[in-house]
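Below, subunit A partners subunit B and then partners subunit C, in two separate complexes.
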Partner chain A sequence: MTRPLDSGDRLPVLLPLRLHGSERHHRLGAGSGVLLCVGLVLLVSIASAQAGRVTPSVLQVIAKWAPLLLTGFAFNILISALAMLLGTILGLGLGLGLLSDWPPVRQVSWALTQIFRNAPWLVLLFFVMFLVPFQITMFGLRIPFPDWIKATVGFALPVMANVAEVVRGAVRSLPSTQWEAAEALAFTRRQTMWRIILPQCVKRMLPPWMNIYSLVTMSTVLASIVGVSEMLTLTAQVHAAEGGRPELFAPLYGFALLCFFLYCYPINLWTTHLERRFQTG
Partner chain B sequence: MTAWTADRPIVKCTDVRKSYGPFEVLKGISFSVRKGEVVCIIGPSGSGKSTLIRCINALVPITSGTIHVEGIDVGDPKLDKLALRRKVGMVFQQYNLFPHKTALQNVMMAPIHVLRQEKKAVEERSRALLAKVRLAGKEDSYPGELSGGQQQRVAIARSLAMRPDVMLFDEVTAALDPETVKEVLVTIRELAEEGMTCILVTHEMGFAREVADHIYFTDHGVIVEHGPPATFFTEARDERTQRFLSQVL
Partner chain C sequence: MQAIPDWFQRLYESTGLNFTVFYDSYDWNRYVDGLKMTLILSVTTILISLVIGAAGALIQSGPSKHLRGLVNGFVVIFRNTPPLVQLFFFYFGLGTMLPATETASGMREPLLNNVEWAIISLSLFAAAFNVEIFRSGIEAVPRTTIEAAEALGYTRFKAYCHIVLPLAIRVCLPALNNNLVNLLKTTTLAYAIAVPETLYALKQIWSESQNVMEMMLLLLATYGILVGVLVWLMHRWERAMHIPGYHR
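Showing the complex of A and B:
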């Protein structure tokens, strides 16, 4: 750089490539979203063309079963929402544990976070399914644990660990001068955390938190493996009920794919939008 | 420790040393401040001025020596830091306002949550404080909507809301535009005139000369020279002081 720097000039540092990248990605994303929908419709029509004269047609089959399949999808969403709720509450606690100034708490929290972040979600799901009894008797009261509740807990565990990491990262990213200012005003550590630090972190935590949510939603189909009647389980059953015709395979699972895509894609778009807004704002 | 009385120094530092690893930032600093006095600490960057005033409210723990504030031993391992910090207000170079709170909320937070004072009385007092630093009408503005000078005055009001006995100012005008420096200095001068005990780390020599009762010049972690402004600026004897003054005056 040869010209003199005025106060408004940026120093010649390596800027993150993300700004431009995410913008292009965003436009590409919108385009490919439309493409994907068109592709799916094509797939279905090709399949139905192949089905030819065999009655009933693919579209009729899907139309017939759509209400049932959509009920299954609603169940996926319910599981994902509850897992997210539970995981966020637990994750906030675990994240604060990671930030504790008491070493034992910090170490235990760290170990828990690492275990649940670095285990395959399906393994965690199996653990919860087979380790938690189907009911607990407490004070003579029988509390049943149906499979789908257990699955929800199974998904909440990795959510917890990931949320804990998000909380820790957001708190660490705040300038330490905020802590200093609060300290100088005689706030306790706890007051500083809850009244000054965390409220400022909410905005920073929102995009990664939504990202986790969309991942959980897509993972809920794993519950089909452990026999929860969610969308994928129902899709398999519908396929069997229709005689297992091979030409129905792609359209039926394509329908499931479409449902998840239409649900998760807007969430991702919104996440990218928020990320960009917070970056500039 | 016997009870502190107003005729004894309100802040008393004796042979204060502070090391970061092998690097000694403060190499035996002693000075004392009486109630109502205004003391300026000047000196080149990196001479340990900011570290020194951060030691006074225990933001930075000292390595050896003693600091007493109103008789409280700041180096005591069982020190009640919160009790100390209720007596000592601090204003920072970068203002450090809470960006998610309005100016008024910034001022009100500590008295309500730390001193557990009644909200209505605090609000009344906070509005009066904002008016005093000439920010009436800016109560509902967020820090991001205020200029540097305005933010710094909110920070001063926020500190005053705790009714401290001593105010520490850490290069509070260093990050400001030249035209807004004055509005902050006017605020500090008014405080000094009202009898607030102030310890300022500053590069504003003209201001130090005008307002200070006593000036300390530090270099490489020691107090090189000190005196009342009338003699300090004209009769500096140490060569390092002379060189520094010739550069900044």
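Showing the complex of A and C:
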């Protein structure tokens, strides 16, 4: 009466959530890639058709200013890399604080994590920009803080909180037998953490860590709001330098979108790839 | 009620902590207006992004290859570009290309104002993430359930609305929760195109009253409370929709 279940058959039950489960989605195929490029060219040509003959065409304008804009973009990448470095170091400390044996340390770390995770990035950026002095005089030595360094610190704060959560999640996801085995081999708590637990966590932490990096890179444009001259600020200045023609807005911001897309999309693809590999392996 | 303004006035005189918002009715009104704008932005963008997300997920599981590719491209582009640049692209780039009318005094009156552009841009940004979240939820719904619905004579759309989506939402609520909190935080970006939301209002207040520190603290507290309320609501919803016997 009952049909025997095929070995490859999936049970008819509600499955758990897997964000990056399927292979076929969210990859730009060749067809849609071509479509995207055609759309972009079409957009630019519409804008240049509106521009008329007297003024240089939109493509010429972009080609003329591309070196400057790309320098701005490189500055964005620099800020994101430094913020990530600082945030990862601080976040590792905070994450270990979250896992501490001593309740006061754990509670303080928890409060810090919650504050910096739940505040909007822009608000944290304002916080650092306005409340950190532009220079510190220490022992007669003046240490200047240019605005882009302050912005980097402002981005490092949310990174710190997110990395702390990633560290905590990764450590929690290890089987507790690892801790017990280490204890049985007479490792101290510190030794267990640094020589047994954390090395195993690196692999698990990598994909979410790369996700955070992608987020930071996309957030660095916020620095333009507080006056750091990165790509978006330069884009606005280029627009003004070209006479502030309204039809130039779309291609110039489109160029900025394209730069970020070309940088972040491969990172995203690689993250998904790693996630999938670690999931099965 | 007079006690609160008096207390903050005394706090200022005794400690120098100048929370103008709580004793100056003009600043208080600006703050409340900003808060209202933040709430309007959050609620509308959350609703619109949920609708677009659900529709996108429906199309992605649908038969049309071109539509699938279109949704796929939308998701990939909006997920991998900075939301602020998207906002500028929409507001400055597309906003100036759209036809505009003139008011009686000869001012240019664009078709969509900055608040509407902020809502559109932020909704699309969040929707790109929602599509992916809903899609993963739909994949968790067993094929047999959909077949059962077909056997009962449901059309694809009806089955999606009444059977697949309700189940999918329950599965992906934690991920959805995260994304909506993120969206609430992203509404601060509307500051960049002069939408008078909380950050904008408080920035105006602190530039006039020179009380940056106090207003910053208020700002952090405000967003802390807003995020807390949203998380609390979502958790209540999650509990109310819990499927008995299904454990995550």
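By definition in this document, the second predicted complex is superposed on the first by the 246 of 281 C-alpha atoms of A that agree within 3 Å, B and C clash if a C-alpha of one lies under 4 Å from a C-alpha of the other, contacts with A are read in each partner's own complex, and residues count from 1 in each chain.
The working rule: a contact is a pair of C-beta atoms (placed from the backbone, for glycine too) under 8 Å apart; a residue touches a chain by one contact, two chains touch by 3 or more.
Just so it is clear, the model here is predicted, and its values are computed rather than measured.
One of subunit B and subunit C touches more residues of subunit A, and that partner is C. In the superposed pair of complexes, A:250 makes contact with subunit C only, with no contact to subunit B. When the two structures are aligned on the shared chain, A:70 is found in touch with neither subunit B nor subunit C. Legend: residue contacts after superposition of the two complexes on their common chain; A:183 is shown touching subunit B, with no touch to subunit C.
When both complexes are overlaid on chain A, the residue A:232 reaches subunit C alone and has no touch with subunit B.
In the superposition on chain A, A:206 makes contact with neither subunit B nor subunit C. In the superposition on chain A, A:81 makes contact with neither subunit B nor subunit C.
Contacts of A:268 after superposition: subunit C is touched, whereas subunit B is not reached. Once chain A of one complex is fitted onto chain A of the other, the partner contacts of A:123 are limited to subunit C, with no touch recorded for subunit B. Residues common to the contacts of subunit A with subunit B and with subunit C across the two structures: none. Those residues of subunit A that touch subunit B in the complex are listed here as 177-178, 180-188, 191, 195-196, 199-200.
Per the touch definition, subunit B reaches subunit A in the complex via residues 57, 59, 81-82, 85-86, 88-90, 92, 94, 96-100, 109-110, 113-114, 158-159, 162. Subunit C makes touch with subunit A in their complex at residues 60, 69-70, 72-73, 75-77, 79-86, 88-89, 92-94, 96-97, 132-133, 135-137, 139-145, 167, 171-172, 174-175, 181, 185-189, 191-192, 199, 203, 212-213, 216, 219-220, 223-224, 227-228, 243, 246, 248.
Residues 10-19, 21-22, 25-29, 31-32, 35-36, 47, 115, 118-123, 126-127, 130-131, 214, 217-222, 224-225, 232, 246-247, 249-254, 256-257, 260-261, 264-265, 268 of subunit A are the ones that touch subunit C when the two sit in their complex.
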